[in-house]
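Chain naming follows the written order as A, B and C, and within any one chain the residues start at number 1.
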Amino acid sequence: MADNGMEPKIVAFLCNWCTFTAADLAGTSRLKYEPNVRIIKVMCSSRVDPVFILKALLDGADGVLIGGCAPGDCHYSKGNFYARRKVALAKKLAESMGLDSKRIRLSWIPASEGPLFARVVNEFTESIKQLGDNPTKREVYI
Amino acid sequence: MQTLFDSRMTMADFIAALFDKLEVAGVAAITKLPSGEKTAYTLLADKDDIEDCVPYFPAMPANAARAVSKLTREAPPSKQVAVFLRPCELRALTELVKIKQALLDNLFIISFDCAGVFPFQEISLSDEAKLKAYRDAVADGKNCEGIRPVCNACTRFVPEGADIAISFIGRGLDEPLALSFPSEKGKEAAKILGLDSSDNVETSPALETLAEARKKAEGELTKKIEETLAGTDGLISVFDKCISCHACSYACPICYCKNCYFDSQTFEYFPESYFARMGEKGALRLPVDRVLFHLGRLSHMSLSCVACGMCEDVCPVNIPVAQIFKTAGTRAQALFDYIPGKNPDEPLPLLTYAETELEEFED
Amino acid sequence: MTALDEVNMDNEVSMNKGIWIEGPVKKGILEFFSGLLSSKKVEAVLMPAKNKSKDSYAWFLMGKDGLLESAEPFPPVMTTQGARALSYLTKKGTAWKKTAVVLRPCELRATIELAKIKQVDLNNLVLISFDCPGAYPLEKYFNEDQKELDEIFGACLSEQVELEGARAVCSICHRFTGRGADIEIGLMGGEAKGFWLIPGSGNGEELLEGVSGSKPDNLEAREKKIAEATIQREEKRNNTLDSFRETVMGPENLMNTLSSCINCHNCSRVCPICFCRECYFDSKALSSEADNMLQRAQRKHGLRLPPDLLLFHLGRMTHMSISCVSCGACEDACPANVPVSMLFSLAGRNTQAVFEYEPGRSIEEPVPYKVFRFEELKDFETPYTKEYAKEQ
């Protein structure tokens, strides 16, 4: 594990039906995972406007995680297909405009997969630690 | 390539014919203003008023798609109205139709291959030297010095989807008009204007040469912008002068929202928030969300960005907005294989999906 | 509605208080703020500073440890109008911590106007202003040698002469001192050797307590100099506006003046007074059907699109000219170089005169639209009653 003493702040937008439930399950199953995510519950991953992602990154979040139901399993039947397009757009724009698109992660985590949620969080936290602080965090001139 | 016909009409004859033969109730095009210096996009409803019409005048005082949207959004005209649009304006109009901000009913769309425009502040009717250079460049099929950087790097300068398209490049602005009629409506018009295969003329080879020059310029522009935008520092320096006036979004044909999200209550914070953020960083720049505005606006409209250049024309602090948006827009559009304004039946990328796609964006 | 006679408009400034601080002005001012912050008399300062690329200025809210070295109380350009910056900060409530705000005189006046229409909350703020030599047009500042311009500006500031190459509206400014602020930074009459800090309110007095400096002995000379300059500038303003009026008189001249306008409404977006989130002139109220526009085009031999350009400018005048402080932000932001600020200064001068109103003079003075007197403005009524009485 890269231990540079950094405690990343990760904003996680989780869909109500799958990934948030998985996070809940991880908690009730007393699974240990990195404490770096701040969870914002949304009804569907497609609610996440690319602006939310960009706003978090510009205001100093080290990473943004978007979690939704697996393709085909969306509670609203096709919301996550739209979400994937939106996240793809956000990543592409971030990359075009000089932000690091590796700070954005889209993962499908079904409701029953508490352990998977813990694993994704750990993995993402680790990769963010390797990237280091988001330079926007202390940037006065942004 | 569409078949070209020699109409043997001057621009004035052609506009008169629109009223006389095609029986339009109005024509909207760039027109000289009484001051004799400037031009404006103007709706004319009388054949006697067309004298000052100069549809090809190389300035874009407003993106005409925005004007046509204002004209038709509430209710389209009940009689035919002919509208002159540059290729980028036509693409913007097509995008606006997709988002229901303009209606095409009873519009007769006339476009032309476009040699670009000057920044509107820098050209007036009395700038004879500049206009002469422009005329020469059109006739020779070359890029004219002084046109806007995005025009210089525009590769989609031949109209797509017009009812009548005029070909200027390689022929000249003052020659009898060479017309093509891509649509069904256009073909009807050709019959009414009495043009048939005996009037066919060759497409000018200058179009190809210009296309190559433009492609090269586009590559250079992309490279230049990508270099300036490297990393967070690049991003900040590019928008460092921005005064958050949001003029770019107001002039943008695609940004149609009456109350922009970035001017909404969502981005007004309680004083506590400002002071807390000042506490974290030591100092806080006001207004906040200045860079977010540009990135966010990109996320809202870059897929439909037609690189018309209006944003850069109106920026009071000379930020190369259009060049940045063209570069980022092109990359975003490539993601969905989408070309804004090309096909009116193609849905906006964010309003559709495929079940298996973009898997490289999942982790 | 309130009857105007009930309002107290007493706005006298106490003449004999204040502190004289000798030495370089900018350094002295920054030390003053640094002292205020470290003694916790204020917990934040809002003032301009250079941007990251050092080629422009922006507003910064600065805390104890954040007073930027590049802070610039007297910037040579107006990027965002200060009242607008302050409105972002306090529109939704009182400043969380006591904050000192450094504003140009016109920004101060706009702030007071915005406070009247509840777009700025003045509580917990200490407003500080100064004798302003004017500002450069943004375009000039970005296209010419900035170093040279900065030097000229510095010289004009310390010599207290009008800025060479200033914006048109600055060159006719007649309210160029910080009068009305909680603390007025006095430069005029100081002969470049230092500056005064003059309290304009109890709030200001409190802040100046314990600030080291000498007692002012020559404030009267300053007052005299200001009075003289004011008379001179008022005359210049009136003459310039009168001759400008000649060039825009009549619909044809007015249209010619506005002929390069592209109807982008950017003037209203940067105007500190135009606070509406959705401008009336962008609203559905003014949109119409295509057939209607065709009729207008026929009747008027052409209809400019987007329509209602003249209505926008005249309408905006009805909405804000009474509060127009002639700050010039509109003209700086105009992409088409329309002399917007002159046009609005002219309209403002004339509409304000009707109500003997001076925007930003005093927070106690209500906006003319919101009050009335029982007997007033008879000149604007058509006296038909006499004739009518005769007929009866």
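Brief remarks on what is shown
Definition applied: contacts are C-beta pairs under 8 Å (C-beta built on N, C-alpha and C of every residue); 3 or more make two chains touch, one makes a residue touch a chain.
Please read all numbers here as calculations on a predicted model, not as lab measurements.
Ranking all chains by how far their C-alpha centres lie from the centre of chain C, first place goes to A.
Comparing chain pairs B-C and A-B, the larger number of C-beta contacts belongs to B-C. Chain C has its Cα centroid 46 Å from the Cα centroid of chain A.
Measuring from the averaged C-alpha position of chain A to that of chain B gives a distance of 37 Å. In chain A, the residues that touch at least two other chains are 140-141. Across the assembly, chain C contributes 51-52, 58, 60, 66, 68 as residues in contact with two or more other chains.
For chain B, residues that reach two or more other chains under the stated contact definition are 236, 240, 281-285. Against chain B, in their complex, chain C makes its touches with residues 44, 46, 49, 51-53, 55-56, 58-63, 65-68, 79-80, 84-85, 88-97, 121, 138-139, 142-143, 252, 255-256, 259-260, 262-266, 269-270, 277-278, 282-284, 287-291, 293-295, 297-298, 301-307, 332-337.
Interface of chain B with chain C (complex): residues 25-26, 28, 31, 33-35, 37-38, 40-46, 48-49, 61-62, 64, 66-68, 70-79, 81, 120-121, 236-237, 240-241, 243-247, 250-251, 258-259, 263-264, 268-272, 274-276, 278-279, 281-288, 313-318.
Listing the residues of chain A that touch chain B in their complex gives 49-51, 54-55, 58, 60, 71-72, 78, 81-82, 84-99, 105-108, 120, 124, 135-136, 138-142.
Chain B contributes residues 229-236, 240, 261, 280-285, 289-292, 294-296, 298-300, 302-303, 324, 327-328, 331-332, 335-336, 349-350, 353-358, 361-363 to its touches with chain A in the complex.
Of all residues in chain C, only 51-52, 58, 60, 66, 68 touch chain A in the complex they form.
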